[in-house]
């Protein structure tokens, strides 16, 4: 690996103390109850805390907290596009940049954007693009920057929700909000809005017949359309369709909270005329 | 390597001991400078302080990249190349100090929408590197014939473990010192333009070091004046 | 009207305020913005703090890892501070590797840690010559509205005060380290360096805790870092217009007062965190 001479350098190699832990962390015993007391096989999403317009420098910003997952998103633009070589100048460009803070995961991450962050950036862009009226912004670009301050599972889903709120807060014209929800299939049962240990649990593989996989859905609630779908692992067709339905249900649970937060932000920006 | 305009001279400070205060012995190592020693840059200088040696080259005013253009003044870029290896975070911080010092002395509004580039190559580091860079930079800017509102020079002071102030320390003295400070002093009012410190020290020690540096700067400014005078008297 | 004046003649706009000894945001010349502190909000980090000074927001997360000490300093651990100014915090930063400002800020923080004896590198040694801790102090700007150096230092200090390192022992048979994540110990913080930043307007007027706009218009910047014993840990003035000795003394006095305020604030917030737990 080439040395990074634009940052203060530490030792060549270092290991996380958890590798030397004398007692290995308790293996998740599924199918038991979930560690945070939520129900399995039900649309039991974590309660979210959302707030708009926290960042003064950005055109629009949003912050979402679901359990311990903390995501901040800022939107800049529309401004003049940087890449002039693009042939299609009639519609605007939506650029996304998603990154994890180095301290956001149990293992320290690097400052340099990894492949997972690049994948997430692309998925975020593809999920948001159908909802933004880009033809209204010719020759310009809208930048969406997401930073994950703490990763406690379902990061992509919450990033999608957070980014669409920030876009709305920035006053970018959109057809609809985009809400994200994810699910983890584990054999016959599933968990909605999984936490980090639930996402990464590696149970000693006993039976080979078990189907496990992850699913993230980006959903436009008022148009009732799916704008992004990402799935990994092995799932039967019926399980997948059922999973998507469950995620959509999860998105609808989120919808009123997001709406309330946006209304609050608009009220603050332009208070209604006092009744007299 | 050089043209006929190159004239090499060394300036010896035989009276190294200056009387600032009875407790402080200040000693500036022998220093010298050579200007216009490179033919490609618009101005160049190599400054030697004891065994520390820095070469500086200035390019400009030239065309500027659109992304770096400033509509009402010139864009100054400073690059510091260490003796070995690639420039790192420490060099970037030195570049920032050097750039902002040069920006404050150059009359940049005379060259709007153009670029100035100052490149410093460290030839040998034996302590007081930043002050040597500052001196080389100032000489190179003068050599490039750029209009300046004031000149500046760099002085490094080290406070040894027994509280003694050493000016222009060597690398070994720097290593043993408890605190290290580098100042850029301006030629007009002998005030502090830049300050960069390491180690902890008291307010009194800071003031003492500033006073010593101001005193030492006189010698360097005198040297600037002499070298310019000598050079132009020969050329004419 | 005022908005148009501000856009067309930003310097004149600020001058008209400074003439009256106040600033566009209603502060006096030597007044800091309201500083709020949130400690320990990131559970994935070994220590964390979020600082808000006016709009400027900095988050610091500390991760401790185990490594081998270098041969020339066998009894010392590492502290690796890095400041990141992501494109998220202001429209002036582009994505990609850190720019000059971020790198200079990282170096400044590293210098202050070394100069102030905030933490002794010897405290991070587990087994001399064999095993030591490396503290990755990652500072991220979330909202850039000027004076990030002060905010970074407060965030770093608060996060280090919050850091708890797990207990480590060496297994006699395997010679491998053994970590007990349940038993944790606080770091020993020797000094509390706190910074105060100033801007010089028109070569003479000093203002404290500048906003982004003020930083851009000013002719010089200065950061003074002091500890609780009134010693200076850094007088950082990266160029700009010259400053007289009296003005410098003024800055140092303000910085010492600021140190006391922030030290108290950190203690207070840490106490409240303890009582809620």
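In this document, chain identifiers A, B and C correspond to the written order of the chains, with residue numbering beginning at 1 in each.
Methods note: contacts are C-beta pairs under 8 Å (C-beta built on N, C-alpha and C of every residue); 3 or more make two chains touch, one makes a residue touch a chain.
Note that the coordinates shown come from a computational prediction; the quantities given were computed from them, not determined experimentally.
Novice: Please identify the chain lying most centrally, where each chain is represented by the average of its Cα atoms.
Specialist: The most central chain, going by mean C-alpha position, is C.
Novice: Which pair wins on C-beta contacts, B-C or A-B?
Specialist: Higher contact count goes to B-C.
Novice: From the C-alpha centre of chain B to that of chain C, how far is it in Å?
Specialist: 29
Novice: Could you put a whole-Å number on the gap between the CA centroids of chain A and chain B?
Specialist: Chain centroid spacing, chain A to chain B, equals 51 Å.
Novice: List, in ascending order, every residue of chain B touching at least 2 other chains.
Specialist: 89, 92
Novice: Two or more other chains in contact with one residue: find those residues in chain C.
Specialist: 103, 106-107, 110
Novice: By residue number and range, which residues of chain A touch two or more other chains?
Specialist: Those would be 6-9.
Novice: Looking at the complex, which residues from chain A come into contact with chain B?
Specialist: Within the complex, chain A contacts chain B at residues 5-9.
Novice: Going by the contact rule set out above, which residues of chain C touch chain A in the complex?
Specialist: Chain C residues touching chain A: 41-45, 48, 55, 57, 59, 61-68, 70, 78, 80-82, 84, 86-91, 95, 97-98, 103, 106-107, 110, 134, 136, 138, 140, 142-145, 166, 168, 176-181, 212.
Novice: Over in the complex, which chain C residues touch chain B? Could you list them?
Specialist: For this pair, the touching residues of chain C are 100-101, 103-104, 106-108, 110-111, 114-117, 219-220, 222, 227, 230-245, 248-249, 252.
Novice: Which bits of chain A are touching chain C when the two form their complex?
Specialist: Residues of chain A touching chain C: 4, 6-11, 13-18, 20-22, 54-58, 68, 70, 72-74, 76, 79, 97, 99, 101-106, 108, 111, 143, 145-147, 149-152.
Novice: Using the touch definition up top, name the residues of chain B that touch chain A in the complex.
Specialist: 86-89, 92
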